[in-house]
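One chain, subunit A, links the two complexes that follow: it is found with subunit B in the first and with subunit C in the second.
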Partner chain A sequence: MAEDLRDVMVKGDEEALGPHIGVFTARSTDGRILKVSQDGGIVSAVAIYGLEEGIFDGFVASVADPDDPEEPWKPRPVVITDPDEVLEAAGTKYTYCPNVSALKEAITTKACESIMFVGTPCQVRAVRKLQIVPLGMRHFPEKVKLVMGIICMENFPYEGLRSIVEELCGVWMREVAKFDIGKGKFWVFTKDGDVVSIPIDETHPFEGEPCHVCTDYCAELSDITAGSVGSPDGWSTVIVRTPKGLEILQDMVDKGLLEVKSIEEVKPGLGLVEKLAQVKKNKNAKEIEEREELNLPRPGEVFTKV
Partner chain B sequence: MVKLAYVQLAGCCGCLVSLADTYERLLEILDAVDLVYCQTLMDEREVPSCDVCIVEGAVCLNHEHMVEEVKEIERKADTIVALGACAATGNFMRHSRGNQRGRPTHEAFVPVTEVLDVDYAVPGCPPSPETIETFLVLLLEGKEELLKPFAELAKKTSYCGCDLMEEIINKSMCMGCGTCAANCPARAIEMIDGRPVLNKDRCIKCGACIVSCPRFLWIGDEPIIKAFDVGKVEEGGE
Partner chain C sequence: MAETVELSPTTRHEGHGKLVLLVDDEGYVERAFYLNTSAIRGFEAMAKGRPAEFVQVAVMRICGICQATHGTASAEAFERAMGIEPPKAGRQLRELCALGNRIQSHVLHQLLVLDDFVEDEKEKVEAIKRIQQIRKIGQYVVDVVGGEGIHPPNIRIGGMASNITETARRKLYRRLREARDLMEEQHEFMMDAIESYCEEEGIDMETFGKHDQPFLATHPTYGDPEKIDFDRVVELRPIEYYGKENLEIALEHNGQIPLYDGVPVEVGPRARYAVFDAVDARGVLYIHVYRSMETLAAIDRAMNILDELNTSAPTLAEWEPKAGFGIGVHEAPRGTNVHMAEVDEKGIVKNYRIIAASTWNFPTVEKAIEGEKADYAEVIMRCYDI
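The block that comes next holds the complex of A and B.
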C-alpha cells in the first residue's frame, strides 16, 4: 500500500516558503533518472510520468551541450515531446536560460495543448502573469497544465559561470560533468572524476545583478517546487502548493515512481530552507530600498514611472 | 445594463476579431452589455451616449470625419477604453508616412491616448482574447483596484522594443526569462546571452514585449494565488 502524501507532508513557515499545502523529501525510483539528475530527479520524474501518461504533450525546459566547441554548457530552452528525451534536460545549469521564450514555440510550432513548464522563481512568476493576462499569446492560459519551480538564490550570466569554473576552479568548461551548490560551496565535478570546490562567497561577484531585486526563493507561485536545500544528497525537498500538484505527486507515489520521506526525519531539514528563504528576502528587500534612494523603480512597478 | 459603444478608427479590425475569438464566452459578454454602436456588427451611424466606449485603431489627423468622430466620443462616453496597440500606442500606424495611392494625404496617425482623456488602455497587437475578456470582466464588475494597471498604461502613449533596453536592462531588472520574445507578434526579439536583442526593422511598436515583462508590471500575487488555488487544502484533507 503506497503512502498517502497527506500523512507524510508537513507545513512550513508560509512567510518564508510562500503558500503551500505541504513539504516532504523525495527521490525518483528510476535508476536512469538518478544517474543524471541534480538531486532526487523530481522534475525529470514528473515530466516523464506526465508525458507517458498523456497528461502533458510538451515539456519546456533547458538543455545544455557540455561538448559545444564554442560555448560548452550554455543552455538553450527546448520543447520536449518525447519522454525518452527528458533526461537530456536533467540537471541544473547555473546560468540564465530564457525558458519562457520557448512557450511560443511549444504552442505555435509544436502545437502543444497541455504543457509542463519548469523554471526559476522569476520565470514561474512570468508564466503565471501570462496565464492571467496573456497579452500577446492567444489561448495560452488553458494550455499550461503544470508549472514547476526550482529553488533559487541567484543565477550567473554565462560568462560569469565560465569565470567561476575556469578562473576560480581551474577547470575548462568542456571538462565539466556536473555543477552543484551546497554546503556553502560551489562544486565542479569533472569528466575525469575530479571534484573541485570553492567557497560560495567567492562566486558572489559573478552573480547577475537583476537577481538581487528578487525576493522569491522557493518559486512561491508554482504548482510544485523542488530543490536540494533541506534534503540529504541524492534527495530533493518538494513543496506542494496546489491541488493539481498534489494530485500528480500522489499518483506518482501510488505508481511507485517516487520514494518519499517526511522532511522532519532528514538532515538538514526544512529549517534550512526557511532560513535561506528569509536571507534572500531580507538581503534583496534591502537592495530594492537602496535602489529606491536612487529614484529607481521597484521590480514590477516600472510602469508607474513611465 | 452598461451601454457599450465600439468605435473602429484606423486599424485592421483584428482587435474585434480577437474579442470574438473568446468563442462562447463572447456571448456571455454580449449578454452583459447593451451594445449601442459597432459598425461591423450593427447598422448604427452615430455614436450615441454611452457608459463605455471601446476605441480600436489610431486616429488619422488628416481625416476630418475621423477627427470629428473622436471629438464625439469625448462628448458621449463616460469611460473611454483604448483597445489594442493602435489605439493605445500607435502601433505600426507610427510607421505611416502617407503618399499612398488610395489616400495620399493621410500621413499623420496618433493613438487615441494622445488626443483623448483615455481611462484604460489594453496594448497588444492584437491583445489576446483572454486578455480582452479579463479586462472586460473587470470593467463590467467595476473592479477598480485590479484595473489600475490598465489605467496606468493609458498614460504611456508610445512604445518600442527598445523600451526593454531603457526601462528593464538599463535598470538592471532583466533576468532573461524570455517573456518579451514569446509575446512579440512580429518575432522581433531574439534572446542572446540571456537578454533580449531587438531587430528594430521588425518592431511594430505594439508594447506587448514590455507590458508582458513581469519586472515592468507585476499584477500582484493575490490574483494568481486565487486563480490556481495556491496553498489551498481541499475538503477532506487534514
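The block that comes next holds the complex of A and C.
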C-alpha cells in the first residue's frame, strides 16, 4: 500500500512559505528524469504524468539550447504537448525566460484546453493575475489546470549569467552541462565532467533589479511549489497548497511515480526553507522601503499611485 | 403630396445609419436615402507615412465584427505592392481564419433580424441559443487560427505568423462538425420563418424589394482583385451622387459612394451566388436565404481546408520592403472589401485607399426600398446587414 501523503506531510510557517496544506521531500522514481532534472525531478515528473494521463494537454516551460550558435543556454518559452518532450525542458536555467508569454500560443494555435504552467514566483503571480483579469487573454482563466512554482531567491539577465560563467567561473558557456545554486555557492558542471564554483556573494552584482523588490520566495500562489532547498542532493522540497495539487501528487505516489519522505527526516530540513524565505522577505522589504522614500511605486501597487 | 419620413437611427444592424424616405399618399416609397452616419475616423489618412506592418495591423480596427477581412485585404494589398508571395499554408490558414469570422458574422446577423420574422418568444430563445453556439465555434476558429478572436494578430504581410498543431486541427474539425449540424437546423428555421412571414404579410418573395442593379463579387470564399476592373470603379462624394438639390441629405452621408460602370452594385452573399452560381433571385429576402446557405458553405470550405492543410509547412514568407502599388481584395461577410496600398522603397505607406464591403451597398439599399411600402423599409435595409 502506497503512502498517504497526509501522513508524510508537515505544516510549516505560513508567514514565510505562504498558505499550504503540507510540505514533504520527494524525488521521481524514473531514472531517465533524474538524469536530467535539476533536483528530484518533481516538475518534470508531474508534467509527464499529467500529459500521459490526459489531465493536461499542454505544458508551458522553458527550453534552452546549450549549443545555440548565437546565445548558448538562452532559454525560450515553449508549449509542450508530447510527454516525450518534457525532459527537453528539464533543468534550471538561471536567467529570465518569459514563460507567461507562451500561454497565448498554448490557447490559440496549439488549442490547449488544460494547461500546466511552471515558472518562478513572479511568473506564478502573473498567471494568477491574468486569471483574475484576463485582459487580452479571453478564455484563458479556466484553461490553466495546474500552476507549479519553483522556489527562487533571484534570477540573472542573460548577459549577467554569461558574465558569471565566463568571467567569474572561467567556463565557456558552450561547455556548461548544468548550473546550480546551493551550499552558498554558484556551481557550474561542464560537459567534460569538471566542477567549478564561486561564492554566491560574487554573483549578487549580476542579479536582475526586479528581483530586489520581490518578497515571494516559495511561489506562494502556486498549486504546488518545488525547490532544492531543505532537501538532500537529488531530492526536492515540495510544498502542496491546493486540493488539486494534493490530488495529483497523491495519485502519483499511488502509481509509484514518486518516492516521498518526511522533510523532518532529512537535512537540512524545513527550517532552512523558512529561514531563507524570511531572509528574502526582510531584505527586499527594506529595498521597497528605500524606493518608496525616493517616491518610486510599491511593486504590485503601481496603479494605485496617480 | 409626398411626405418625408425619417428613421434615425436605424436599428438592429451593424454600423450607424439613417433612412430618409419620400412616401406617397398610399404609403409607398418614391425615393429613399440611406445615409451612413458613422463618424469619419480617417484610417486612410492615418495610414500615410507609416510602415506597412503597422498599417496592416491598424486597419483591422476599422471593424470589431469583421476584422479578419480587413487584415487580410490589407496584407494582400501590401504583398502585391511589394511582390511578396505567401506560402500555401499561409494562404490556407488566412482563408480559414476569415471563414471562421464569416460563420460568426453571418449568424450574428440572423440574430439581429430575428424580430423581423419570429414572434414566438420560445422559438426566439431557442434560435438565439443555437446562433450563439454557432458563433462560438466560428470565433473559436478565429481564436486558434488567428491567435485572437478579435483582431487576429497572426494575419501578417507574407502569410500567417504561425501554423496550427495537429491537435488544434483535430479540435477545429470536430467543432466545425458540430457547427454543421447546428447550422442545418438554423438554416431550416430561417427558411421557415421567412416563408411564413411572406405568407402572413401577403408578400411575394420573388418581387419584394427587387432592384435591377448588377452584382459584384470576386470569389466565393476568399477574394480576387483580378475579378474587378478598377478602371470601371468610381467613388463619388455624396454631393456628386445625390445632387445639389439634395444638399442637406448629402451632407449627412459620411463617406464616398462607389459605383461600378457608373451605377450602384450589390455585393455580399447573394452577389457571390449570382456571380459564381448564376442564380438570379431578385427579391430582397433572398439575401437572407443566400447568407444562410453561405454559412453552411463556409463551414464545409473550412473543413476542406483543414483536410488539405499541412500543419508542418511554413506559413510566413520573408520579405524586404520594395516600392510599388497593390490592390488586395477579400470577400467580407458583407461583400467585396478592397484595400489599395502604395509604398515607397522603405515600405512606408504613401497612399492608402479602402472601399469597405458595406460601402458598395448603401446606394443599392435605396433602390431596393424604392417602390415598396415605407413600413418595410427597415426590413429591406436589414437584409443587407450594414
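Going forward, the second predicted complex is superposed on the first by the 305 of 306 C-alpha atoms of A that agree within 3 Å, B and C clash if a C-alpha of one lies under 4 Å from a C-alpha of the other, contacts with A are read in each partner's own complex, and residues count from 1 in each chain.
Criterion: a residue touches a chain if its C-beta (ideal position, glycine included) is under 8 Å from a C-beta of that chain, and two chains touch if they have at least 3 such contacts.
Computed from a predicted model, the values in this text were never measured in an experiment.
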Open item on the list: A:Asp57 in the overlay: touching subunit B, subunit C, both, or neither? Say first, second, both or neither.
Closed with: second
Open item on the list: Quick check for you: in the superposed arrangement, does A:Glu14 touch first (subunit B), second (subunit C), both or neither?
Closed with: first
TODO: Kindly classify A:Arg138 by the partners it touches after superposition: subunit B alone (first), subunit C alone (second), both, or neither?
DONE: both
TODO: Quick one: classify A:Lys104 as touching subunit B (first), subunit C (second), both or neither.
DONE: both
- [ ] Examine A:Thr81 and indicate which partner it touches, taking first as subunit B and second as subunit C; both and neither are also allowed.
- [x] second
Task: When both partners are placed on the shared chain, which of subunit B and subunit C touches more of subunit A - done: B
TODO: Could you say whether A:Leu221 touches subunit B, subunit C, both of them, or neither, answering first, second, both or neither?
DONE: first
TODO: Share the list of subunit A residues that count as touching for subunit B in one structure and for subunit C in the other.
DONE: 104, 136, 138-139
Open item on the list: Looking at the complex, which residues from subunit C come into contact with subunit A?
Closed with: 143-149, 154, 162-165, 167-168, 171-172
Open item on the list: Give the list of subunit A residues in touch with subunit C in this complex.
Closed with: 57, 81, 104-105, 107-112, 136, 138-139
- [ ] Using the touch definition up top, name the residues of subunit B that touch subunit A in the complex.
- [x] 18, 21, 123-125, 127-131, 134, 149, 152-153, 156, 163, 167-168, 171-179, 181-185, 191, 193-194, 206, 208-209, 211-219, 221, 223-225, 227-234, 237-238
Task: Interface residues, subunit A side, partner subunit B - complex - done: 6, 14, 18-21, 77, 95-104, 119-120, 122-123, 125-126, 128-141, 155, 157-159, 208-211, 213-214, 220-221, 223, 241-244, 246, 296-297, 299-304, 306
